[in-house]
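Sending over a structure as structure tokens; questions will come in a sec.
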């Protein structure tokens, strides 16, 4: 005769608490960053392959290498500084938001909403937003400088990759800017404090990833020539 | 239902195996030095894989019939979550079979692809373009003249189609042909090129296939051992004329080859 | 037949929760739009994916029918469509492959059944991110619309094959359809990538973070393992395909030369130089090979599930099955070069890829042994889901056996780009995987719609499909060995191909009959939704969590409750148990000795 131990088979569900939702959102972010990473890994491998690739010159039937390195505009260094600075500020925003939620939950508040004057006390989110937009504007200006020097997207293989890498990064950063904007107007949207905190947390980590990715791209373009 | 499944599975297995064994539709007769080795390995693979195929399908058919639910007269179900030793054994056996089979091809593959052509090989440059093959021989100077894309004129055929630079002294003795002629029992080195998109030079009876990629000049070799005419088919999708981009390899005696080449050289004067 | 949950049912309150905690569960939506169109419910989204795939498969089958007709009757003008020109044939080939691979095989098993049943099978009330889940469907649908639009623009749909090799796909002048049609094709695929990545995000997060109490990873059904690993494959592969698509769009429209060397088309220089056609192939196949495992893994999970349920036996070697799924997923990223043996790639690299490829045959073989082992000393019931599961095993063996031929480079010299290759991949993807979808449909139909499908129509469908697909694809092996190249729109130009026309005719006739047989399935599906016999909660007497809940499941899957799991998913015929199946939620069982 088989033995059965009596235990519960069904329970009332527990709605996920803040910690669970935060963990789940961060796990989601980790998962999302994987294909973003793969996109840039793929571009990197294309870059490396193309750089080392000799191609057949039909006139001489010999293989020649035709990689011409591009001098990067100095502006890119300034943009990098702006992005790194913005990363600092978004981290401040993340810490502050976390602190707010923890204080409020410890005090036993039930459905804390973002108050209208919340953004005034420490404007870390807004500063990050401004710096992010400044970075994007700086990238746009750098492109104009490249074009003025005669390097368009189709000029040389190296210039194609510069536009490709910086452009794709910029598009991804714009996504982060949008998320920051949503968090910044949280009170207008009626978001709960916990939900905003999760948005800020996930966006901050995403932002740090974008900053690190930018530094990688810069090094690739500058040193792997 | 179990019996019907068994019969259908066994029938499909045995009918399809029959056509493999009877070689009703089979590899064309090999005409190159590499063919014997390749065909031998093909046979080895198909006997081993065929045995696995037949065994697995017959077993499947048998099991679904033998262990069908017969109601109260069914024997007890063997409650088991598996057998680890069995798993290890069949994993090892399968690995040895699959990997071993492939490793056995190393000498064949090396001979085909690792080793460059012999110095005494007949050199032919094979160029694919939408939708024809052109063959160029270097002539007595042993050098291929230069080609320029801007000189290409496909409608004029021959040298113009390749964009041959007639000002280059090395081009003077280059022979361009729409038919590939090679002597028997001598290694042929092909240098594969393409003008526009990827094509593929496939001569089934020579057991030879290689993509012709624009931007590359790919060196390969094969050795025909039987005189005759052999079809060349394009084996990489290249556009709307892909199905009619074919040519002929004529394998002739050394004497006939020399005569042919000399005649073509003479025409050029 | 016994329905409902088994064993004792005790409801205990979780320890300290206050109702004031912010609730994440959303109430059931009201109104037609929120309920059926812009639904956040993973079950509705699953059905939306399923019906998208059903539409796509009929488009894809129709295209292949036209291909088969043209091959054997190249000069016949068809009603409405007129002449099929060689370039039109190639367009059919391209769009058939693209639509089937993306919008059928990557959509129905994963987006369809995965979305519907993964949360339920792990005891979750929904996917982790329901809004994103909804967006993933609408993105995929948008991709499909853009793909179909390619047929209707100037120049029509592209002719470069589903593999889109450059420079043919990179040059607008390389052929008809390579203009706007090709751009739309790339954009559609890019949109699909994004939709698929959104889906993968949900599958992975949900599986890792939302399993019910007691549902350890090693108690998950093999269907869940398959969906989970498939999502990981997608996560890693689709980003690479997206990158390739971006580079191709740039080559086509911005004058870059990632893939295009110095070439002339119709004697005209194109302005490109220095690019590498092989780079496209590497990027595409780095995605393309995991893609075929994405297409087959869910079906393998399904087969394991059904063989166990209908044999009334645990799956043979559950742990080995899990390791095999993981091995297939992992090794799947290391074999892409086997599509490129003849491409001009280094022969040394080619040989390395071939060894890895033979290696990946091993976990597939292990799974096959275990399926056979499950059937041994079983008590097999031949309900329609089981017929398709058995059919799957047979077709998977046949399709798999041709793999070791193609994986060996010396043999691939002869077989590459011949019909031997479509024989191989159609048997695995185009039939075995499809059988997985059929099996899942017959199995889960009662749970989704509360009614049974007609068993007799199902059997007709099975025999038409099983015999018919063998009749279509087995002869392609012979065609390939005899030297019939792929993607030839007609067989009129090369002398020895004339001898193969009778075999092609046989295949076309078989295709007519088999496709006609699929109408039986469609009739059965729609008729049964409204008129099928009412189903009980657990008609198959199966053990996994979806069978513990109502039919169809309520909005939050378990009706305001959360299951607690005590058993593995395959506890059938446990010695000494009161009946021949033990639900996962039943009290923990010790087999009698």
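Going by the order they are written in, the chains are A, B and C; count residues from 1 in each one.
We adopt the following convention: a residue touches a chain if its C-beta (ideal position, glycine included) is under 8 Å from a C-beta of that chain, and two chains touch if they have at least 3 such contacts.
The structure presented is a predicted model; accordingly, all values stated were derived computationally and were not measured.
Chain centres computed from CA atoms place B at the largest separation from subunit A. The interface with the greater number of C-beta contacts, when A-C is set against A-B, is A-C. With centres taken as mean Cα positions, subunit C sits 32 Å from subunit A. The geometric centre of subunit A is 48 Å away from that of subunit B, both derived from CA atoms. Residues of subunit C in contact with at least two other chains: 261-262, 274-276, 574-575, 591.
Among the residues of subunit A, those in touch with two or more other chains are 55-56, 58. Each of residues 149, 163, 215-216 in subunit B touches at least two other chains.
Remark: subunit C residues 5, 7-14, 17, 20-25, 125, 128-129, 197, 200-201, 204-205, 208-210, 213, 235-240, 242-244, 246-247, 250, 254-258, 261-262, 273-276, 279, 282-283, 286, 556, 558, 560-564, 566, 574-577, 585-592 touch subunit A in the complex. Looking at the complex, you find that subunit B touches subunit C at residues 1-2, 5, 8-9, 12, 16, 19-20, 24-28, 37-38, 41-42, 45-46, 49-50, 52-53, 56-57, 59-60, 63-64, 67-69, 74-84, 86-87, 90-91, 94-95, 98-99, 101-103, 105-106, 108-109, 112-114, 130, 149-150, 152-155, 163, 194-198, 200, 202, 204, 207-211, 213-216, 218, 231, 233-244, 246. Taken in their complex, subunit B has these residues touching subunit A: 144, 146-149, 163, 165, 193, 215-217.
Per the touch definition, subunit A reaches subunit B in the complex via residues 55-56, 58-61. Residues 85-87, 90, 159-161, 165, 167-168, 171, 174-176, 261-267, 269, 274-278, 311-320, 342-344, 347-348, 350-351, 354-355, 358-359, 361-362, 365-366, 368-370, 372-373, 375-382, 387, 390, 393-394, 397-398, 401-402, 404-405, 407-411, 413-414, 416-418, 463, 466-467, 470, 474, 477-479, 481-483, 485-491, 493-496, 500, 503, 570, 572-575, 580, 591 of subunit C are the ones that touch subunit B when the two sit in their complex.
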